[in-house]
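Okay, so chain A shows up in both of these, paired with chain B first and chain C after.
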Partner chain A sequence: MAGGGNIAAAPPVPRERRRARLRDRVVAGAFLLPAAVLLGVWLVYPAVNTVVRSFYDRSGDAFVGIDNYRTLFSSDPLLTAIRNNALWVAVVPALVTAIGLIFAVLTERIRWSVAFKVAVFMPMAISLFAAGVIWRVMYEKEPDRGAINATIGAVADWVDPPGVLSSARASSPALAGGTGGGIALRDTVRPGGVALMGLTGIRASEVPDDAREAVRPASRPGTVTGVVWRDFRPGGGRAGVVEPGESGLPGVTVELRHSGGGRVATTETGPDGTFRFDGVADGDYRVAIGAATFAAPFDGVNWLGQGLITPAVMMAYIWVWAGFAMVVIGAGLAAIPRDLLEAARTDGASEWQVFRRVTVPLLAPVLSVVFITMIINVLKVFDIVLSVAPASVQDDANVIALAMWRTAFGGTNDFGLGSAIAVFLFLLVIPVLALNVRRFRREQ
Partner chain B sequence: MANVTFDGIWKVYGDDTVAVRDLSLDIGDGEFVVLVGPSGCGKTTALRMVAGLEEITSGELRIGDRTVNEVPAKDRDIAMVFQSYALYPHLTVFENIAFGLRLQKVEKAEVEKRVTDAARVLGLEPYLRRKPRALSGGQRQRVAMGRAIVRRPRVFLMDEPLSNLDAKLRVQTRAEISRLQSDLGVTTIYVTHDQVEAMTMGDRVAVMRKGVLQQVAAPQVLYDEPANLFVAGFIGSPSMNLFRGTIAQDGDALVADLGEARLPLSAATLERRPALRAHAGREVVVGIRPEDLEDPAHARDPDAPRLRGRVVLREALGSEIVAHLATGLRDVDIDPEERGVDPQEAGIAEGAAVSGETPLVARISPRSGISEGEDAELAVDVSALHFFDPGNGLGISDAEPVIGASA
Partner chain C sequence: MTTTEASGLATAPPGTREGARPAVGARITRMLTRAPIAILLAVIGIAWLVPTVGLLLTSLLLPSEIQSTGWWHTITDTGLLSLENYRRVLDDGAITSSLWTTVWISVGGTLLPIIVGALAAYAFAFLEFPGRDWLFIIVVGLLVVPIQMALIPIFSLYNDLGIFDTIIGLILFHTAFGLPFAIFLLRNFFVGIPRELLEAARIDGASELRIFVRVILPLGLPAIASLAIFQFLWTWNDLLIALTLGRDTQPITVAIFSQLRQFGSNIEIIAPAAFISLVIPLAVFFAFQRYFVQGLLAGSVK
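This part shows the complex of A and B:
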């Protein structure tokens, strides 16, 4: 080394040292190169290019300034996308966190918790797009095809059973009304009269199995009798007349009403379609078939229609992410010392108070990690919307990322506007991301 | 305030592990009872059953007149101090102490007053706005105490509250807890593995071993009249020397024949333990407390019978010398873990033993001239000998063994 007195001059570095330093740099560079190339080619260059491209027009020839950004905030489909995305941010992160918390707390207490956790976490193993396809099929409107409508239908039809006949109309002008409000005889009936109520437009498959050939009942004093029958036989027949080969309609609810309105009595038709009201006081009455008879079975909620498509996609998304939230929150829960919960109990706290005043505050850091992660995910939501929403309602289900894709690649091929949307989305994510990074720093 | 009664309490875990076996114990109103025993003896389980944190397998537990087997922890009106203190890390010291009061919906002004009072008693006033993580171990311990006393519960439960403190602070806090308890007069159950805490703090001490209650008595009684070999070995530090021997007839008198030495039994001893006569000619275990041995030069009675051995370890503590002697006497096999000795201390003693046999430990005058590696004689105070039946381990006296009796 240099002499002790010569401080100002840099000590001459021996050649070997210099070579060693150079070799270190080359080695470091060699290790950095692959990452630098990958980042540069697939991240930095596209990002910069996207920003630049967002100031050019559709074909990339003309510089248009901020026109693309103006369009972004003035065209209806794009505003829908921004509104929908806002809705996603408002609803989904909170729901995912809440559901994850509930699952995590419950799985701590149930015996089959491992099986339950696996089941809830399983969707994480499926790609979002595939999960979307699954839900698309489950959301089918026809109860015969969509699992969700089938389930709702089974419950709805059990709570409010469909009528015997869902599509029928009067066979002759003697009857008035329709399936909505019930069908009634135009003319009034007096005790001893016979009410003939012929219906047509009933498919053979709709005729109840226990039906027998219709019979025209005899007139009896003090009694209103009648028959409800399928006024149709192969080859025609006369309307309003009970003929051999025509089937009675059993199980139909028939109402006897005052001529001025108001129900007197109800009864049900027998296997041959006949009914009767005994002990009827003298006077004019109307006979009608109640609307309940014509109640249609459940025909499915239109999940994939304009109105419900966004909630429907959200549900699918929550199904996928609830498992993630559960596992992360469950880990946080396991890290809470048992002592603390026991101390709260001996301090006089009920289970709810323990949860509310000890568990949740101690979980707050974990909850906020899940919440913020979900905000970022939800801002970027894309594939599940594309796979759940049919093309016809994608305008209604639109979100920013999907709008970007549809604008740039979905036929419009407006790369200028598409780039502007992408830049806008990027700007939205940055503050949330910064929040997360700051959190991490503080925890370290 | 209330008494606590264990009536035939069992705790059996799913895999037939018995943690507490048929525990019956009456704790009087305002009494300070210490549950002590080696780890795994069931003392903490017993405490947690009182707290309502552990289900009772069978038996009846009463607090006051109320059977509380099925009462949840929150309704038992007890306060527990945990070994880890279990302070709520997200709340300030004030809110930690006030936690129970807030749950009871005590009026704001009243909460303020009671918390401030408790903080003054415990010297926590400067720290009320701090979070627990900003406190030292001793301060945290006092916050945990504050949380317990502020609610004025019927029973205090303390689960090794001092074991996380350093030795000096432990001594100081020990005294503070004792004073606080006697000021407040609240029934207290205190669990510890440290016999010094047990001896200094408890009105009565309950010694447990493997889920079974061994003896309940006032500390001095426990020390002077251990009911069985386990209690004899567990209580006292260094622990009692135990050797096998026989009671032999020597003319009119009885002697304890230890093989190498014969210790005559004084009239006073026989008067205190009349049952010894019946053991004449039979094998017994003889117990000698270390302080009942002395260098003959400093002994009160220079003619006292002596035990001989080689000094394998001499620990000068200033006020006394603890001498370990290899004697060749037949010792009694007791698991060192079950002796109430610090494992480290036990380690030293073990390392010092020449042949695997337990050395004779004596606390003798600091002016004694004995030195390591030399042979020495020690005078035995024969009036203070303890005797146990080697068959069942019970102390030999006239009285029935005092297991489970209340004071």
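This part shows the complex of A and C:
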């Protein structure tokens, strides 16, 4: 009869009952004590202390009222952090929920859905810090090292191929122009003339393998001849003069233009760099190498620079959390009665209509749980910003949690302002706390 | 949504096994309409693996190549691969000792909240005492208190107590912040255990502690397993707490963090160290995937 308090049917002896109740309380106290101590000392006391501390100055000696909160909303780095965090809340929870929903719905249509889910869910096991390191490697600027820029570069160079001589410059004042608009001879040429187009700034590795020693072509009547060559040899050489040991530049597209503009003809240089335009009518012409020859190859998007750092960190974060959304929404999806969907299909609804009118409304509670969970997570985002963003752009990538840590522990050591930032963060998550408690009480 | 409904990632895709096998023609049509989705998902799935594989291959690049070569070159030129970076990192005492620090923090930070949390959850689930529901609601409320709210006072407190920069200090912090979720998860699981089992043990004269150890803990094992995995991953993956409350007591995340300033030139240390740091959570995840997903659903859907 020891635990009689729970058995309503049997009327217990009053004294026994009182003793049992007392015993229950003592045992409960003993069972709760360790948790109460830990929660009291590590959560409740510090939380109260932080609130009080936020009204004192950096060292905690002088009461400063709401000065710390004023600073929070007036200093530039902190405003950037708040703005960035607002952007995070606006973009990331919605994207993660949407991606999770799409993945959850699509995986129902393949047989190897477990493999797909494991691949997408796996980053959840990795620390956000390590995930940041992973993406830092992906985001490297040089297309030779960063996989993302290598991929973009491969596409960009395929759509818009780089020129054969991307780094070349004119070797003498006889040529004008630059890599932007092409390089042209300053003086006009008449049929029978020879166009000497010396270029420098070309690395030995950029000279094509089939290149031979440059030759100064002979003049021919009715023809414009010329040579494009690498106007450089070990030891120097004279600018604008074809000398032994200097290499011709094959495969360069040369244009013959009217002196007033307008293209007459184009040709390509041979292995020794020479070219010719035959049967040219009498008149003044200009010889030029088009801009395409000098087009620079793709040199990488600066993901880790000031402008793109926040989207870059967000992408890494979504990579981590999409799996969470997919799995939770997937479980919700599995609980939807199949016959409901089948009924809609039998009534002639298209797949899209079934999704839009039946699946999504039925999933609404699960979707809102994912969305709210992601809002809390995003408000507290910290590690991944610290590991993706290089120190030099952390001011631009700043978020509230990072600002708090940097203010209190990152060199400034302003505990007053740091506490104020922590309290601000706490206030932001309180509405979510209220939601949680309400949901819990409804369930009871 | 209850914890028992989900069984890991392998929830059967509905609609694939129902009814009799359709006719050949219908099956071909269905395969054709599904092919674009299958291809799309294959591409996405592979894309999702690329970053992690990229880190692994980067960490395996020859030390002489790692500064200048992209990891994808190792796919066509396996001569670029070597274990040299790992050998150097493991020979370097700092990284190995920080790995051990991580292990101790994770083991302590997993066991302690489970024990303390299970005791409290038992009281909330099975014992009568005044204010029980309100106390439990407070615990649920504590779930969302950000770690940042405790850092500054605990930093000062640890300095006063002399446990700043100690493993025990970090474990206690992890324990306290793991408790709300632990109590919440375990209590919700415990209330599902039939009370008759308890009453029977009580009538047999077993003490509450004995009932807790002999009856409730074994029956609560699925929930405890979920909690253990969560807590382990959480403590193993922590950066913020160790960075704030330690200086020389560096778990692996902090050790890598201190190398990040020279990201370009230190990549031969950072890449293998980062990969070592994530291999263990990944192994735990693959081994106990089912419990992990269950805990996730219990924590978020409830």
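Here, the second predicted complex is superposed on the first by the 412 of 444 C-alpha atoms of A that agree within 3 Å, B and C clash if a C-alpha of one lies under 4 Å from a C-alpha of the other, contacts with A are read in each partner's own complex, and residues count from 1 in each chain.
Here is the rule we use: contacts are C-beta pairs under 8 Å (C-beta built on N, C-alpha and C of every residue); 3 or more make two chains touch, one makes a residue touch a chain.
The shown structure was predicted, so the numbers you read here are calculated from the model rather than taken from an experiment.
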Contacts of A:Pro361 with chain B and chain C, given as first, second, both or neither: first
Chain B versus chain C as contact partner of A:Gly332, first or second or both or neither: second
Touching partner for A:Val155 - first (chain B), second (chain C), both, neither: neither
Touched partner set for A:Ala62, first chain B, second chain C, both or neither: neither
Touched partner set for A:Leu32, first chain B, second chain C, both or neither: second
Which partner, chain B or chain C, touches more chain A residues: C
Which superposed partner A:Ala344 touches (first chain B, second chain C, both, neither): first
Chain C-contacting residues of chain A that also contact chain B: none
Interfacial residue positions of chain C with respect to chain A in the complex: 1, 5-6, 9-16, 18, 34, 37-38, 40-41, 44-46, 48-52, 54-55, 58, 68-72, 115-117, 119-120, 122-123, 127-130, 132-133, 135, 137, 139-155, 157, 172-173, 175-177, 179-180, 183, 195, 198-199, 202-203, 205, 208, 212, 233, 236-240, 243-244, 253, 256-257, 260-261, 263, 267, 270-271, 274, 277-278, 281-282, 284-286, 289, 292-293, 296-297, 300-302
Of chain A, residues touching chain C in the complex: 1-3, 5-7, 21, 24-25, 27-29, 31-32, 34-36, 38-39, 41-47, 49-50, 53, 103, 106-111, 113-130, 133-138, 144-147, 150, 319, 324, 327-328, 330-332, 334-335, 338, 366, 369-370, 373, 376, 379-380, 382-383, 386-387, 390-391, 401, 404-405, 408-409, 415, 418-419, 421-423, 425-426, 429-430, 432-433, 436-437, 440-441, 443-444
Footprint of chain A on chain B - complex, ascending: 51-53, 72-80, 82-84, 86-90, 99-100, 103-104, 147, 151, 157
For the chain A and chain B complex, residues of the former touching the latter: 337, 339-340, 342-350, 353, 357-358, 361-362, 364
